[in-house]
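Presented below is the structure to which this report refers.
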């Protein structure tokens, strides 16, 4: 069982696969961004592979290495009970990747987290917002060059909320009637 | 050019190279205690034994010279067994001292034990007791029990300093490093023995129990003790410098540095200016202070009677910015310079000029400026030719008598701006106090006596409001709504390099 | 993987018994009222302990407040090796080392402060101690502090909680041949 | 299959201006949103039209912290992931690092981990089932469950020295062996657990009020559940018998006999039943593992990985050196990457670790089961009523410490 | 003179009933029912930390409750900024008013006989004197209608509290409570219709008197005996009316925080809580009045116990003792229903809002209608 998925993938996507290994029983494919999306669709639809379960999406920041970032997908097949790990290397100045949200819905939050923590954009993601940090947060905290002790200022209220508060103060606290304008 | 094979890899090296060096070129580490690249080779620790095919027994790689067609194995079972045996042997008499030993964390014995042995000892004999915590010299403490008799320290005193204070006394497991009778380890480079000691037998008194080495971070820096500009590791913990350690640079200091320079780290935190002050106002932020100072300067520092004092302690970047500052803000006021007074020097590493950047100062402000030293400044002050004084440093080469005169003269000034990392006994006289950083808190570079431009990097952030000299100048200029020709370190550093390169080309 | 014992959980059928509410409500009531009367009359099932008045026994391994052990002569056993402050994930141990007059001890902590506010009671410091100097088996619950300063437990406080340590130290045979 | 998924769309602010619907902020400060999450609900009457779950209120930079800690120092952090079953996180992380080190822990360690892991799972399920009852208003059932949990925590405390923040596992073994009297103590606790489970069962399972609340609410199909990355009891309640303990056995799970309960409909009631049944199975596993518990050490015998015996540390320089090296450098884990996964209380707990060969992890990613469960909660509550969010939210058993890390 | 006496007695009755019975029991139940009882069910100790000055004993937690009350008074009263201050302030009073007013018609014992009381045909008769209403505030002929009317008013309290808070949770709570209370009033009324047919009166005291009659000369003709289904229907409806668990969706704390009183604090919060508990106690008294024979002690009549249809009391008792027994009987029955309500609260999960509606309209209402029809038919056939 082990290695079979790897072999199948390697045969079909020779052009896009940069490297692969199955150290420690973790079958891993390092795939270029160009063929990534196609590969994912194939992994999902090909009955011999049938990777219907996306276990995790994350990224790694190798800092001094080129390309600096790598997005990692852990895939699993419920029918064949085998794993495959996809790693997509990305250059620091070109951090984006097609989303796989529509293939595996599990990728929705995972990709948001990768964006939040590492700043990787996912093209076509339906809701590309930060997930753990707040929208006003500057930087991407899990990057290695983000200092662990760095603090960020307290946020003002968001615009809509601020307007509501101001309006309330104006009309209700200071006694103007709403029709005053 | 002999070609040899080490662990299956071929390499061609110069004849006369030792196997250990050839292996190092291949990236193969061979453990060793007694071998040191700058010292002679006694081959007495036997840690670096390797298997050389066709040799009858294991050879010490630090001593064995390469030969054509030699086949070396550094990880063969025989070698591993030998290393284990050596380590087991060395540890027989080693005390259970790691908790109190300052070397723990950078101890070769610890590293090698875990890397090459990591098994319990089979020897259970009483450990031999020897001298503990014995002050072998004024700056070095010796622990006989921890010593593994590699004799690096003995060779250092023989070969590098030539003072030969140390020797090995007694025989067998009672052997011990001692000073010759009536002598103590007090040469001006004595603390280097603590660096080369692979274990905790020799430790410095200064660093003793101060901080565990594994807790510290290390930043590459330059010693500011004299004009030699020895390269150092500045090791710091929680924003405080803990010690200097020489950093290998074959062009400047090789592996060594002098004791006085090593102790100069103490100045990094001594006598620091606490906060910004403009006249009476000491609760200021930089932008506000910059506006106020700029206004003061704009009001008073025009026309005759303005003087600027550059510092031979400042970085080249600070001085460059200072030159620009004098041009834009002080109407090209006359420039003096200050620094520490000259002291003794020797032929090895200690220089008489105790300022790290006098050469840089001369390069940036022109050699003429060197004539305008602090004593000239004092004369001018006493003549009353100066109304407004802007000083970049509080270090003055004065005797106490001269200092008194200087203070008296300064008191009469219309405006005295002091921009310095330390008080230097002048902070009470200054109208404006602008704390600046030491070299440990900023990026920058010095030019040493030999004209070598050497960079250093910020190790930690200053605890006070201090800013790097160049940034102070930029901010003051901004406070007057003027821009210097650079606003960040990179552009400044680039400009400096261009200028220095041009100067050197011209020199050649 | 070969023996995949899968059981499908059984969903209770919605028969009249269930649908009419009352019998099952009565069953539930029977359970609660049984507990009620049992506890009202005997109090035998009551599990809670009146904490400050009654204290439950802490198990031997319970990690409570830290304590510092001392040597036979009453001196602190700690030699300020900083292992505990190194391993501490919360950075709550602050030690300042100093030179001891006795060269056989050599080093001792001039200051030893544990910041109980930061301490996460993980016990790694005890494990990291190579001298059996710090322990967490005092059996004392870390209590709340009314003043921030009180939460910094210093050496004297920790030594007061401590006891002697019997662990032999310094060499298998202990003795060193005299010089 | 894709067709039956609701469309993926960002938060639709148009809803908020509509006159027919009401936007209700459930949380982050709300009695049922324990663990601190927020659900932005768009309601039509009491029917949930749209639900946007927002997480991050308990984010404390777990991964960043771990990247700055040694491998050993990570254990206290893992305690605080799923804080109801800290031991499972401990063991899951330890297993991952051991895989990277390519070492095998002694058999006794495997059994002890199995036993205490199941004790932890029991406490997790008791909390979940009890809290479910509490949130439906049946508070007594909750307290009975909590009482049972206390018994389990007493056991845990006896062995580890703490109830919640156990820090019990180590890379390559355990901090301590089981206590001598653990089997007897377990024997004393076991019947009380059974009676509590039965009591809960009698009080709730056939109660029509409870059934009405749980049945047919929070339904998810097996296809959706897989697509959303659901694991654990929630996935099993849909009928997919995926249990890491069975499918990819670790510790001693391949040597004990237990059943994987699955549901049929994937609603809250099935999840409740699956959890109750899993509790019974856990007790079964513990009994078997205690019966088969082999003798021997609980940690690997390698001074580069485990701290040496204390006696040796005090008295021999060799052990002292090994001790020091592990303390200040940490265990040296060879460079490489591994994805290791175990079955935690709520599903698959994965650790994706990248090591660069030093004493600190370069990257330590946790795959918390709850994250994916919460990611799909909108699918389970949309179309239901506000009140249905409560049992649904409970039966997926979201733990804030785990989801936000 | 008589008028003054009359007024004084009525005032005294109000004081006694409201201040010595409804309030203490109602609020004490906050503690003893909701806390101590629950603690015993749940194997806990319950409130025990507070002490009265000088008495170092928890006294089953009563000081705790006093401390709570004191605390409530001194807590900050918070009115949300955009709330309607007027109605927000008034809402607690509106919910408290009906809860108190309902007590006007509850008979604590039979009318006082100024002469000698004896039994004829299982009814007390007053020889040489007249009955004088001393044990209910007002002996309204339409007592039951009064109860229905006033309890219908109590819906306003919750609805207004929910609306005036300007909070979505409160609004949901207010809406839920008004829908629920209005729905269950139908069942409440219809389930009692059967009993009205049997007893033929709306006067609550008269109802109790009728329940003193014996079927087949031994079985007291209590409501629960002649109308067992109506008992459950009415109890359920009344619990829904007073928003007790499992019908407590208007304040279902896990869904909508605290429902209509989410935004209330300090004494206003306490007043809403108090009114709920007073209403709960009232449910107990009304159910015991209508279904459990009210103040009746089985086989006890004006001058003693009668076993079998005899002319002389089997165990003669003095009239004062009979009154004490009757008041005691009433109190015990009330407390039992209370206990039962609390037991249910600590046993059952909560309904969902729509399930409550379904239960009310699709199950309880048809059942009560069926009950009415069957009762009417049986009565028609038998009489």
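Details
Read from first to last, the chains carry the letters A, B, C, D and E; within each, the first residue is number 1.
The rule we apply is simple: contacts are C-beta pairs under 8 Å (C-beta built on N, C-alpha and C of every residue); 3 or more make two chains touch, one makes a residue touch a chain.
Note that the structure is predicted; figures quoted are calculated from it, not measured.
Compare each chain's C-alpha centroid with the centroid of every protein C-alpha atom shown, and the nearest one belongs to D. Among the pairs B-C and C-D, the greater number of C-beta contacts is found at C-D. With respect to chain E, maximal separation of chain centres occurs for B (centres as means of Cα atoms).
Inter-chain spacing, taken between the CA centroids of chain C and chain D, is 23 Å. If you average the CA atoms of chain B and of chain D, the two centres end up 52 Å from each other. Taking the mean of the C-alpha atoms as each chain's centre, chain B and chain E sit 88 Å apart. Shared interface positions of chain A, defined as residues touching 2 or more other chains, are 81.
Listed for chain E are residues 41-44, 346-348, each touching two or more other chains. In chain B, the residues touching two or more other chains are 95-96, 98-99, 104, 212, 214. Here chain E touches chain C in the complex through residues 37, 40-45, 48, 232, 343-344, 346-348, going by the rule given at the top.
Against chain D, in their complex, chain C makes its touches with residues 1, 3-12, 14, 18-21, 24-25, 27-28, 31-32, 35, 47, 59-63, 83, 86-87, 89-90, 120-124, 127-128, 130-132, 136, 167-172. Interface residues of chain B facing chain C in the complex, by the touch rule stated above, are 95-96, 98-100, 104, 124-133, 208-210, 212, 214-215. On chain C, the positions that touch chain E within their shared complex are 22, 25, 28-29, 31-33, 35-36, 39-40, 45-48, 50.
Per the touch definition, chain D reaches chain E in the complex via residues 22, 24-25, 30-32, 46, 133-140, 143-144, 147, 203-204, 207, 209-210, 212-213, 385-390.
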